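Order as written gives the chain letters A, B and C; numbering starts at 1 within each chain.
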Amino acid sequence: MIYREAGQYKTSYASDQALLPIRQDRIGLLLILVIAFVIVPIFGSSFFLGSIMIPFLVFALAAIGLNILTGYAGQLSLGTGAFMGVGAYACYKLTSYFPDVNIIVHVLVSGLFAALIGVIFGLPSLRIKGLYLAITTLAAQFFLEWCFIRIAWLYNNNDSGAIEVPRRYIGDLALTGPTATPVTRYLVILSLVAIMTLVAANVLRGRIGRSWMMIRDMDIAAELMGIRPLRAKLSAFAFSSYYCGVAGALMVFFWLGSAEVEAFDINHSFLILFMVIIGGMGSLAGCFMGAAFLWILPIVIRFVPSVLGIDMLAATTEHISNIIIGALIIFFLIVEPHGFARLWQIGKEKLRTWPFPYASS
Amino acid sequence: MTTATAGDSKTEVSTTAGSTNGSIPDGSTTDGSIPDVATSDGKATLLSVENVTLSFGGVKAIEDISFDILEGEIRAIIGPNGAGKTSMLNVINGFYHPQQGTITFRGKPRRRMRPYEAAASGIARTFQNVALFKGMSTLDNVMSGRSLKMHRGLFWQMLHVGPARREEIEHRQRVEEIIDFLEIAHIRKQPVGKLPYGLQKRVELGRAMAMEPDLLLLDEPMAGMNLEEKEDMSRYIIGLNDEFRTTIALIEHDMGVVMDLADRVVVLDYGRKIGDGPPEEVQQSQQVIDAYLGVAR
Amino acid sequence: MLAIVIEWLNTLFVAPFVDMFSLPDFLLQVLWEGFVSGVLYALIALGFVLIFKASGVFNFAQGIMVVFAALVLVSLHAMGMPAWVALALTVGVMGIFALVVERVVLRKLVNQPDAILLMATIGLTLVVKGAGQLFFGGEPKSMITEELGLPTGSSDWEVFDGIVIFQHIDIAAAVIAILMVASLGVFFSKTRIGRALRAVADDHQAALSVGISLNQIWAIVWFAAGIVALVTGIMWGARSDVSFALEIIALKALAVLILGGFTSIPGAIVGGLLVGIGEKLFEVYWGPIFGGGVEAWFAYVLALVFLLFRPQGLFGERIIERV
């Protein structure tokens, strides 16, 4: 009843093609944006902003990047962590060389470097498909990790081998570094993620996004429609790596404050892949759901014992959360391979007829 | 019917030996090596296949076959299973490259062409096993046929206002016309994976039509259909040929359909051509009857 | 300018070989070390091949199964059981594991595309890893080598004016691996079950329609892979302790599979040896040029280069796409 589309008919193709054709969806999104931009910064604690919302947004952005490559274009990638690293180190070098340029500009530019690396490691995708391609992304992951350690120039030759984020400002407002408040950092990340999500949604519903999906579903048929496979695949790699690179730069500069190579290791690649799987491959909303789930679940698991009064080591909760996440992945794959996003869609379908269970939609 | 192409089909100019079809008992012959020759029908040659041989390892799928397709006609390719019909289409498409022989399209001979080049030069096709994009809706599948005609760059795609949006809507209109013509409007938003086989074949036809091809290759478009569906499909094919002037080559097993639809027929058996001409003539040929029909209708 | 190029070419293409042959006994040692780790990679790859060959599933969890099997064995022994009893019980545990996986995971995902099954095994990896760490603890443990009757100590071989040292356990590992491969090879080609396994690998539905019980076959195959994992775990653990770090090393088996093909048992061996020896050679003789640590990625880059020229691996079948 609430979710009825009745009465909302489209009179032009433009309105039919809109991102959110259903009015309830638009209202819902507006609500979410208001909550995100206004309510959360005002009422959220430092902990909530700094340790929950910021990481969630960063991972959601990386998940969008991976989802574009794996969920929409069908090229399985296990190198997400490394591509994030490329963005982070690129941003670091850029701001080291050009400290006066606004850091946000550097973040956006650093994505381009990640895109370039992504294209290079995506080149084999013309000859190599599926699982084999995943292994070449593993090559990218381990090789780039090695580069992050060996090429001292990347971290300005400092002894610890880690990047220390310098303080950057916009006017008088501290953006990065110890003096930057969680609210500031949160709003910067939120704005960037919101804009980039919109851009991704636009590209995905247009000709380029369609070409990716064609390659994913049947690349032979796509070729017979005139799509050049290499061009489509490389554009997917480029676009996806750009997003991962920006996410990496944001992760270091606006969240962690410093980073060692471990921040971009294979475990992170898998983490983001899990977010994409659980959230739903081929769904942008799913990226957010997956990121929220996989980031917040371990935190919740960590808190449950103390709430219940049971004493548990941090390591133990980590093991338990591994078990639960693994079991959930299997569960989802059995029950709904398309992840949370499809469950959400099905839920919306049910909402159409609720509270009349015997009506058909 | 014009196609906006990037004009990037690779052509190799090769000298073709004059092909003769003298060994085949048929009435009409066209010397494919001279382009645009007016035949007795007054139509120009759109595609000609000359002495094409295709083998996989030791197996000869196609052996020294020559025939032509005239502009605006409906050409049926028939023959028993394994005769090499689908392989022939794959060769025309650029999916397989023949070891010998030449394909001449619109007067330009070509040897090795990639499938997207064939698409760009105006050749579209459907498949025996329905090669739709199962993860996408009907509308998106048909829209995917417009890929070659959409050019707006990344920048406008990202914003989706102005030029990109206009282009999308412009092509959407065209696609909706095709959807109306094929009577699949009621399923346009459904994912094609869920559709019944007959409808899937129709969507595939729509996708091929969206390319606005000069030559449309149909691989068993009626397979698995009941009488009613076959009548619908025949209607669409005739409509395509009449209204949109699309040249059609189709592989078909149903002789009734072939008799009704085709202007001319070419018959294959074990990779060789054993018949070439109007349907009535081919039907009477003893060689064809022995190989294929069993009983003259 | 030319001098720099020549210098660079020399460093890359000449000097390492000079190094190699100037100390031939050291070269032999390096080759042997590479051979040994190659054998162990091959064993891990073997587990992958078994399951892939029979079910088309890429079992991402193979690596963690190795760790798990070894941990079970060591823990059972630590609880006071004699080595051979612990071994027998561990075999039983792996059998139960196979049954559980088949029942809970595989049966429910029968008709899903391979990508889904792959991801299910990734989920399985997490579960086993978490459970393993929870029940056995994360610290490295030592393998009960002597108790199992495996040889310890080493022998020296004097050659080329130098010494090459062979650890007995390494020799044992090589022998056991060869035996394992041989018996698996025979099993697949000669026995009824082996034939059924190959049928299932080819086409699930066709196999079902001739009366092959998929569930049974899968349980058998995962059990076999579990045994291979156990053997691998014992061998690895004997050389370096049993720890969860092995899991990442198992990723290298992917590179092995690329070289050897995903469905070939001899291919797993050849691939394993190529990767093992190649990696060691590259690290020792070229590593210093790059600042060391190249073992981390060499295998993958080798696989990548290989894929560009031969997408189906050394022994795999040529993929012909038909429309």
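Operating definition for what follows: contacts are C-beta pairs under 8 Å (C-beta built on N, C-alpha and C of every residue); 3 or more make two chains touch, one makes a residue touch a chain.
It should be emphasised that the depicted structure is a prediction, and the values quoted were computed from it without experimental measurement.
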Shared chain contacts [chain B and chain C, defined touch]: A
Furthest chain, CA centroid comparison against chain C: B
Centre-to-centre distance between chain C and chain B (centres being mean Cα positions), rounded to whole Å: 49
Rounded Å distance between chain A and chain C, as computed from the means of their C-alpha atoms: 33
Chain A-chain B separation of Cα centroids, rounded to whole Å: 43
Where chain B touches two or more other chains at once, by residue number: 95, 127, 131
Where chain C touches two or more other chains at once, by residue number: 323
Multi-chain contact sites of chain A, meaning residues that touch two or more partners: 220-221
Of all residues in chain B, those that touch chain A in their complex: 93, 95, 114-116, 118-120, 124-125, 127, 131-136, 140, 143-145, 147-148, 150, 152, 154, 157-160, 164-165, 167-169, 172-173, 176, 207, 211
Interface residues, chain A side, partner chain C - complex: 76, 124, 127-132, 135-136, 138-139, 142-143, 145-146, 149-150, 220-221, 266, 270, 273-274, 277, 315-316, 318-330, 333-334, 337
Residue ranges of chain C touching chain A (in the complex, touch as defined): 58, 104-105, 108-109, 112, 114-116, 118-120, 122-131, 133-134, 138, 248, 251, 254-255, 258, 262, 290-291, 293-294, 296-297, 300-301, 303-304, 307-308, 311, 321, 323
Residues of chain A touching chain B in the complex: 13-14, 17, 199, 202-203, 205-208, 210-211, 213-214, 216-218, 220-228, 235, 282
